[in-house]
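Inspection log for the structure reproduced underneath, given as structure tokens.
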Amino acid sequence: MNDLVHRTRRFVRDVVLPSEPRPGGYLSDAERGRLQEAAKEHGVFAPHVPKEYGGAGLTIADWSPVFQEAGYSPIGPAALNCMAPDEGNMYLLENVATDAQKERFLRPLAEGRVRSCFAMTEPHPGAGSDPDALTTTATRVDGGWRIDGTKRFISGAEGAAFAIVMARTDDTGATMLLVDTANPGFRVGGQVHAIDRAIAGGHPYVHFDGCVVADDAVLGAVGEGFRYAQVRLGPARLTHCMRWLGLARRALDIALDRVEHRRIFGSAMKDLGLAQDLVARSVIDIETSDAIITKTANALATDPRAGSALSSVAKVHCSEAVFAVIDRAMQLCGGDGLSDALPLASFMNEVRPFRVYDGSTETHKWAIARRASRARAKAVASGTERRQDEVVEP
Amino acid sequence: MNDLVHRTRRFVRDVVLPSEPRPGGYLSDAERGRLQEAAKEHGVFAPHVPKEYGGAGLTIADWSPVFQEAGYSPIGPAALNCMAPDEGNMYLLENVATDAQKERFLRPLAEGRVRSCFAMTEPHPGAGSDPDALTTTATRVDGGWRIDGTKRFISGAEGAAFAIVMARTDDTGATMLLVDTANPGFRVGGQVHAIDRAIAGGHPYVHFDGCVVADDAVLGAVGEGFRYAQVRLGPARLTHCMRWLGLARRALDIALDRVEHRRIFGSAMKDLGLAQDLVARSVIDIETSDAIITKTANALATDPRAGSALSSVAKVHCSEAVFAVIDRAMQLCGGDGLSDALPLASFMNEVRPFRVYDGSTETHKWAIARRASRARAKAVASGTERRQDEVVEP
Amino acid sequence: MNDLVHRTRRFVRDVVLPSEPRPGGYLSDAERGRLQEAAKEHGVFAPHVPKEYGGAGLTIADWSPVFQEAGYSPIGPAALNCMAPDEGNMYLLENVATDAQKERFLRPLAEGRVRSCFAMTEPHPGAGSDPDALTTTATRVDGGWRIDGTKRFISGAEGAAFAIVMARTDDTGATMLLVDTANPGFRVGGQVHAIDRAIAGGHPYVHFDGCVVADDAVLGAVGEGFRYAQVRLGPARLTHCMRWLGLARRALDIALDRVEHRRIFGSAMKDLGLAQDLVARSVIDIETSDAIITKTANALATDPRAGSALSSVAKVHCSEAVFAVIDRAMQLCGGDGLSDALPLASFMNEVRPFRVYDGSTETHKWAIARRASRARAKAVASGTERRQDEVVEP
Amino acid sequence: MNDLVHRTRRFVRDVVLPSEPRPGGYLSDAERGRLQEAAKEHGVFAPHVPKEYGGAGLTIADWSPVFQEAGYSPIGPAALNCMAPDEGNMYLLENVATDAQKERFLRPLAEGRVRSCFAMTEPHPGAGSDPDALTTTATRVDGGWRIDGTKRFISGAEGAAFAIVMARTDDTGATMLLVDTANPGFRVGGQVHAIDRAIAGGHPYVHFDGCVVADDAVLGAVGEGFRYAQVRLGPARLTHCMRWLGLARRALDIALDRVEHRRIFGSAMKDLGLAQDLVARSVIDIETSDAIITKTANALATDPRAGSALSSVAKVHCSEAVFAVIDRAMQLCGGDGLSDALPLASFMNEVRPFRVYDGSTETHKWAIARRASRARAKAVASGTERRQDEVVEP
């Protein structure tokens, strides 16, 4: 595995970095294809994909160092075909899809021949971070299902070959369905212009108007949609952390180069304590992020339920940390950090949404607190732990 | 004065807001002209300008509420002709220029007929935040001066009618000169694409190649350039705080509207404590910013030297506070806060540079700490205060 | 007024500081009496008390600089007789009591002859920060009232001459009553050992068991207790901010002396950026605290309702700021800051409770957010403001 | 190993917690002895000590969960004989001492029969956090060494059987020596009253006045003192993190019990978002601390130099996190959190020094930044990495 980390590092630094678009620009499909071919030649393509589908077959506990190397460039994950949302979709398909579905959807996706999207979020008052508010429906029709509803912020939808769609199939349950984007009932709507640019296909609205699919479009079992969403979301949150942590390392490197060579008020910037404070806090953010990712990946590999809970902690810590590291790098680089003279300002716009996507910091904090309260109350109720808050008049 | 505050508020909300460009867009010169005419009709134009030059004649202690109202829109200050860098240039000209210079440069600027720029910052290793590193020179020639050098990040230079240029005039001193941009020795160079868009004319490089000006181009006295820079910078820092604080109020209003109407997890967002935490911290940031601006403005009005020192404190506090308020508003508005569905993401890009421009947070902290140490050491040395850090073995 | 500030400064530095007890110690009643006599001689006693009761007669807008000077020593406010809870009780009596009550209770209190307490907080599930949970009752009896209930954390109760008691007088209202502590129905209970030591009389439980008082014990009107609590609490919160801000200035002075004289790693500490960062953040905390206190005091003087709302903002900002300043001073003074070699560790224990007393930071944030939401919703509903959060599909 | 963790947990909760002194109190030597006997009976004594000296023989990579369980009580580490400074001294002796020294010093220490101290820190201008300033000397005399100098903040010195002393042995080097406290040249001086109470023997001054020791008092090699200090300090820093993290878990449990049972403003506190925010941030602090400890312990086990560098990161993160967790628990518990009704206020006083001891947060940040700058500069100089901060005029 260490060899793959090293090769990925060299590939990203030697091949990918020189191919980056100007700050604020997009990676073209053609360039993406060219980079993916190069990644295959360098033996670093699709590290997370099972070998039978053309990948390196790493398990989740070994992803972090490779994904961090990929994320050192905003386009690195696309070059390695481990970018969001496709990487999470591959994981979900691998774990839930039938063999036939895997051949039809997973294989071309894993090989980089198509892109995909994950259609869950809805316009208000539908489901944003709150899955209970799901309004898109899948209704039983002869030989299949008819999907109706509107989704929003569907990353990668423009140009995707298929969508994994979350729809309500009865009063209490939800089901995931695989929908070919060529289906006449599927339509990409207005494009939401978000401040991040690295995801091919943007974040548009998607409309399902009497979109009929066959029975074999159901992913896994009917009514299990929310459970599968958890299967996908825990790891997907964590791979975001891994990739963005790589970008934080990049930002710190740029800042370290700057403080090495820039003089101000008669001193090298690297010797000024106020610069050292920014550097040190960024190192601490990076190391603790790396450590909590490792802990969470190990948990996901051995106890997915505990790992998924811990992924909330990792997501909050890493998303805030990564943003802070880039923000500090901008401070250290002055005017250049605020313009496209350096890529830092565009990095900030890339990572800012991560504090909101996949559950905002505040939503995760709410979930973390509730889990902590419940676990403690349960331990006290069971007698394993003794209540410690009682006081009496002295 | 309260009446002017109220009229400005109504003008900005009723006339300026509907004229705002789409997020990420620029205010055209034509639209700017139209809005300035409207501002004159509403009696809210140029609040900071002496009445003899067409303004409302407010003194600095009364600027804050008006400038905050102007800043409620990113284009509000341009509509009122109190935007950077022109507002700071007007202040400098008013305080230092000769009557002839005022007629030639201040009057058309104050009336909104031309724009200007302030050419101080230089490419590395010249003067960024560190004035001692000034490399642009003004050399005595027959009947005037020849200016040579390169400046960078000269906000508003593209399209400006004149520049106030800081140049080294001998080994230890610097001088300010007024340069018509039509001067053949003046050239606007490459445009630095910074993440803020509200300043007309961008932040380009500016080149002076044998740029000859007459004796009457000297602003104030030869060798007094750094002192005048301080005259300008204290108030200019503070008016930035005032304007951006208005934008922070806008961001909070947008977020308050969102939490009022949005429901999540079965509750109105406004009733969720994690949203309340973000709102409360923003209110505290806004109120403390307003208070420190008032304190600093009063100091600048009565003791410019103390006021200038305090303006470092105000600048650090307000720039960090304003950024945080907008950042929290983005969190509260979810995906809409990250895209051009709402203006918040563009606000973030507008205000982010304020933590660097006019002396970064870190540079000001360094200055603040040094001043505190010196003042304390002086008080102890004089016997007014007694040293309190000495310890002995018990 | 400035003269009084100056005299208070000299009195505190020259007379009070040399009389401070060792860190962790208490001010004895005898020493307190001696210092109050000295304060009278220096003409700095009771700055906030009307002249007819022996004070300097300053109005609230002028208290801050004097109270800050007093607070430069933890025992300074006691020396000047402007310490909590007595100072707040004096304010309440002055504003609500009858002339007879003023003679009987305010005059000896203002002259420093007795101490008092304010009996509002109750043990759980009674009223802590939440006034609706009040369980102590005052029941009508012939010619007066009978008070029953238990209070807790009643600062200064041990040794107080009288208590202002909040009791429920019917289903929805509460009433304040003046109770002589010699009343046989009044009993001081167990002493709560809190980490702060400066308040004479500690924070004990207080029991009312069939405590009968005459009709003239009612302070103000029956049923107006909660309203009077607000009358007292707004200013009382703010005077806490003033006094503790003085102590923060003291802590910073000690730290400045230390960084001036201590060398580490070959440099004077004052030249090390990581120390400068701590100093600068403390200066910013102090200046912004001073500014928000001024703003709030002016509001209380002109619009008590707005001032009381703003006092929540001031309380949160100042209590957190003061704690942070002292905490940073401890970091700068190393081992000496952690022991009684310097008074900083005892200062930390004195101010830590301020983030909880008089409504915790979190309780005030909740109140601040609710007020902001209501004010905005009202402005939108009235048409003065337009809702700004609506989005549509592009 | 998991079994030992579980047994330690039960021992600490069932045996140690009921034996805790009142908040602010000390653990008596007798009680400490009794608890150590109980720990031996429960098979949880000295988990970090090699089996040949009576311990469980765990290696450093396995210490964290056990030490965290021990640290759940402030006296837990003393009960298990893994408290500071003895635990670090045992580690140092195990790694550097001769067999004879181990028998004489390590064995009785490991068995809990004696206590020890580590005499490095000196009064100003000697060595605090800065080893270069060492002024205590060890001079060659016939058959041994004569030690002269004064140390300060020597934790555990009162009542210790021996001291490990750092002394300058020539112009550039330092040497460690083992000194019996019965040596007539050794004298415990004034006791520094620090805010932490858990360390038996306090933090006194220690004086060496012509303290002569034999040649076999030298620990390891002459001149290697600073290197051995690093051998000790990396792990010692990390075991502090482990122990205090256990106390942070305790504080969070107390707070969770409180928010479970307390109602305020009509809601259970656990359902109030502002309480949830405090709980969630504490969970995040605890989980990330646990993760960075694991990462650092693994590094220390495989690459002590890298582990030692990373221990600076762990120390800063954990010391700040642990303090913050306890501070938040105090907020959640209101008045009870500020008094000895609950142990939280005493916990705060116990952990506060950890942000200063063993190198302050600021000192470690300085070291972290310097290491990051050097590593990056070296990589760029070697050609492995390319410099990324250069900009040109567009």
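Going by the order they are written in, the chains are A, B, C and D; count residues from 1 in each one.
The rule is short, and it goes like this: a residue touches a chain if its C-beta (ideal position, glycine included) is under 8 Å from a C-beta of that chain, and two chains touch if they have at least 3 such contacts.
Keep in mind that what you see is a predicted model, and the values were worked out from it rather than measured.
Shared contact partners of chain A and chain D are B, C.
With respect to chain A, maximal separation of chain centres occurs for C (centres as means of Cα atoms). With centres defined as mean CA coordinates, chain B is found 38 Å away from chain A.
Computed from the mean C-alpha positions, the centre of chain A lies at a distance of 49 Å from the centre of chain C. Centroids of chain B and chain C (each the mean of its C-alpha atoms) stand 38 Å apart.
Shown for chain B are the residues in touch with two or more other chains, namely 152, 192-193, 262, 272-277, 341, 365-366, 394. Of all residues in chain D, those touching chain C in their complex are 23-24, 121, 124-125, 128-130, 132, 152-153, 192-196, 203, 262-266, 272, 274-275, 278, 330-331, 334-335, 337-341, 345, 348-349, 352-353, 355-357, 360-363, 365-366. For chain B in complex with chain C, the touching residues are 13, 250, 252-262, 270, 273, 275-277, 279-281, 283-284, 287-288, 290-292, 294-295, 310, 313, 316-317, 333, 336, 341-342, 364-366, 368-370, 372-373, 376-377, 380, 385-389, 391, 394.
By the touch rule above, chain A contacts chain C in their complex via residues 123, 152, 189-193, 205, 272-277, 393-394.
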